[in-house]
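Dropping the structures in below, format is structure tokens.
Note that subunit A is present in both complexes that follow, paired respectively with subunit B and with subunit C.
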Partner chain A sequence: MRRSMLFLPGNTPNIIVNGEILGADSVILDLEDAVAPAEKDSARILVRNALKYMGFGKCEVIVRINSIDTPEWKKDLDTIIPQKPGMIMPPKVSCADDVKQIDAYITELEEKLGLENNSVGLIPLIETALGIENAFQIASASKRVRAIFLGGEDLTADLRCKRTKEGNEIHYARCRMVCAARAANVDVYDTPFTDVNDDEGLYTDAQYAKSLGFTGKAAISPRHVKGINEVFSPTKQDIDYAYEVMETIRFAKEQGKGAVALRGKMIDAPIVMRAEQTIAMAEALGMGRSV
Partner chain B sequence: MEKVIIHYATAGTLESSDAFVTVEPHDDNGLEIAIDSVVQNQFGEQIYKAVQEVLDEQGIVSARVSVVDRGALDCVIRARVETAVLRGKGDME
Partner chain C sequence: MMGKKLVKSIREAIILSGLKDGMSVSFHHHLRNGDYTLNMVMDEIADMGIKNLTLNASSLFDTHASLEKHIRSGVIRKINTNYMSAGLGHRISEGLMEEPVDFRTHGGRPRDISLGITPIDVAFIAAPAADCAGNCSGKYGPSACGSLGYAFPDAMYAQKVIVITDCLMPYPLKGWSIPEIYVDYVVTVDAIGNPQGIVSGTTRITRDPVGLLMAETAVKVIQHSGLLKDGFSFQTGAGGASLAAARFLMDLMLKDNIKGSFASGGITGYLVDMLEKGCFESLMDVQCFDLKAVESIRKNPAHQEISAMQYASPAAKSAVVDQLDVVILGATEVDTEFNVNVHTDSNGRIMGGSGGHSDTAAGAKLSMIIAPLFRARLPIVTDRVSCISTPGRDIDVLVTQRGVAVNPKNEELILRLKDAGLPVMDIRELKQIAENITGIPNKHVHSGRPVANVIYRDGTQIDTIYSMI
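Right after this comes the complex of A and B.
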């Protein structure tokens, strides 16, 4: 379960060592934008050692590598893949061929290192207009793709518009990403909310992303993690309703009834599916029903 | 193959939980390692051992190495020493 993904600069030990206790479901150790060009070598070795020697507890570790239009991405993978990271995040992915190129190189490394094939997953970061238009092809380009992730800042630069708190300029991109991800049966993550001091804005933005169908949201500050986790967790009411749905369905089956209603509404397959998803998430979070 | 440090190089920072490492040529005088740590009394030997292990792994037989530790984890010190060495090393002639 991944509701929140927190970016941590890959060359900053005092932040990385606290990665596990910041509350995020995943941390993204960043070798790309958060690292100065002259320190790429240093960050790579530090992140490799963090993966090799440090424990991150229940927190998933994702490594954001440099983009494939730089000479750094293969060096990143050469250094990081031997440590068996669960997930690699390639940035600026614009088409299926980008994913296939990265997939092929990881496969080559897995074979060389004797690692299980497809053990390393990918979360392509889609942050160009072309990438948005190709989102479904990207999401379905490889079995490694476990999720896709929208990068709003670079996207708005590419769209030649201003990034705003309201986010109207990325509304189309958000909807297209969700649709593409669901069609490809992978998860989908929303861009970070960049005003670190605006807690109310964060809640509004996260709730909006959830209402569109996003699985979770990234954060650039630990301060946003709690809010994101709250928004993307089921509420007590959601959980209670989900259990009621499942009990009603069970009762209807026992009675041999075909159609059944709860609180005046027909319970059909999509409602049952949502109830199952809610219960699975509640169980993963250790949340029980209140009644 | 045995390696030596052929030019001055640095890695890391003086921030908390980090270490600042410098390496420089030491002619053919072997290894000289200096450590300055906020936890010198408790972990000085361990830090020295970690530095030496990284130098061995990299095949470095001659260098002057300085580590200013600001409470870095062992894996951070190892990373900074390795980076400095890779930036400064060359083949032994």
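Right after this comes the complex of A and C.
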């Protein structure tokens, strides 16, 4: 379960060392934009050592490497893959070939290191107009792709428009990303909300992303983690309803009934699937049904 | 007599006071890092050729680092203080003084002054407002600092008292703090301090997520301690995480409609907010930390100034600290016996002092330390602190970002916090977690020469600080 993904600069040991306690489901140890060119090597070593020596508890660790149009990305993977990271986030992915190129290099490293094939997952960061148009091909380019992630800041620069809090300029991209991810049967994550002082704005933005179908949202500030987790967690009402759906279905089966309704509404396969997802998430979060 | 008190210069006041070689002089620290007065007076004393003095200052800040020259030249032979920031502290740790500094607490200092253990010959009281007879206050004037709590024992027990002000008001000064009955001479100067260094414009809660997390946990500890109910009393410092705890506590008290009795100590705008929103009946203010607190003590009768004796002196017939339910404190190190160091850094160099740490820890029903498990690459929980400032017997809880350790003497609290689902751990477990991340640091090496004595609030010596090699 991954509701929130928190970016942590890869060159800040005092922040990384507390990464697991900041409440995020995942932390993204960043070797790309947060790290100045002169510090790429030290950040790489620091992130390697964090993976090697630190336990992050229940918090998933994702490493954002540098993009494939830089000389850094292979050095990043050479250093990081031996530490068996669960997930790599390549940035500025614009087409399926980008994914395939990274996949091939990781496969080479896995074989060289004797690691299980496909043990390292990918969350491509899509942040160009071309990437948005190719979102489905990217999402289905490799078995390694577990999710795709929208980067709104670089995208708006590419679209030559201003990034706003309302986000009308990325509405199309958001919808296209969700559609592509669901078609490819992978998760999809929304771009961070960048005003770290605007808690209400974050909440509104996260709710909007959830309403479009995003699985979760990234954060650049630990202050936003709580709000994101809250929005992307099922509510008590959601959980209660999901259990009711499952009970109604079980009862209908016992009675040999084909079609069944709950509160006057027919329960069909998508509703059952959503109820199962809600219950699975509630159980993962330790949230129970109201008594 | 009244008209004769007003003299023309600091030098004239010093001459009239009869200050001689070997005597003791005192200063309060309400002007904090903006203070001009201590340096101004000591420069004048040095210029007059007086030597071999004992300096008794309630605290010393970086702005007083120039005292080094007066120590080297023999003007100052001995220092008694409750706090010394790193500027002078590091120099002392390097062996600047022949005679060790005596560190006391904010309660121990007035105790020892009142008992004649540390007699004061001449007290110099920087006063943001005063009249020609010496009635003075910190609430008014361009250098307003609010409470003058720490100056009371100096005024009451010194042989001679000189008030130094940059705001001479018509007699009688309305709303004085220290009355004329204690004052011998009054001197006016252009400025007693720099307002920007005296109090912060605002004190702000931390934005550090680790600090906020610890503050949230601290408030949960208070919530489930059994002490948070009507009549609750509270003290916290001005550090970022402590302020955040005060803010979260206010939200909880308002939500649960809890009407506390008082908050005490150094007062910040956050405690003023709590007073104004009805969380407390009154504030007991020995020192103001920001402009909001200064404005409040000037205007709000429920915001009361208290002397250092009333605040914390063990020699007083009763003191505010003994009425406290909860105090939140900081630490540079905590050891597995819950002893706390606030005098030195992890390398053993002086950079602080007890202030009211030991006094409030001894008095409060629940004494809680908030400290991150490690700073930079050093673990904060150790086998033995570099210096014992407050004994572990007076500490109940340590809150870190990775867990809460409760002093094993407090069995009921352990059960309460565990029942509430708080991450209660053995303090040795916390130490292990820290060391797993930072490694075990090498112990610093000292020369064996004492540079400071740490004197507990009851007058006994609790530890010694040695010079660094």
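In the analysis below, the second predicted complex is superposed on the first by the 291 of 291 C-alpha atoms of A that agree within 3 Å, B and C clash if a C-alpha of one lies under 4 Å from a C-alpha of the other, contacts with A are read in each partner's own complex, and residues count from 1 in each chain.
The rule we apply is simple: a residue touches a chain if its C-beta (ideal position, glycine included) is under 8 Å from a C-beta of that chain, and two chains touch if they have at least 3 such contacts.
Every value quoted in this text rests on a predicted model; they were computed, and no experiment measured them.
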Mind checking the superposed model to see whether subunit B and subunit C fit together on subunit A or clash? clash
Using the touch definition from the top, say if A:I45 reaches subunit B (first), subunit C (second), both or neither. first
So, A:M54: does it touch subunit B (first), subunit C (second), both, or neither? both
Does the superposition put A:I21 against subunit B (first), subunit C (second), both, or neither? second
Touched subunit A residues, subunit B compared with subunit C: B
After superposition on the shared chain, which partner residues are touched by A:R223: those of subunit B (first), subunit C (second), both, or neither? second
With the two complexes overlaid, spot the stretch of subunit C among 147-155, 273-281, 435-443 or 453-461 whose C-alpha atoms clash with subunit B. 435-443
Those residues of subunit A which subunit B touches in one complex and subunit C touches in the other: 14, 17, 54
Considering only the defined contacts, which subunit C positions touch subunit A in the complex? 207, 209-210, 213, 374, 376, 401-402, 437
Could you list, by residue number, the parts of subunit A that touch subunit C in their complex? 14, 17-18, 21-22, 54, 222-223
Within the complex, which stretch of subunit A touches subunit B? 12-14, 17, 41-42, 45-46, 48-50, 52-54
Subunit A contact footprint on subunit B (complex, rising order): 11-12, 15-18, 72-76, 78-80, 82-83, 86-87
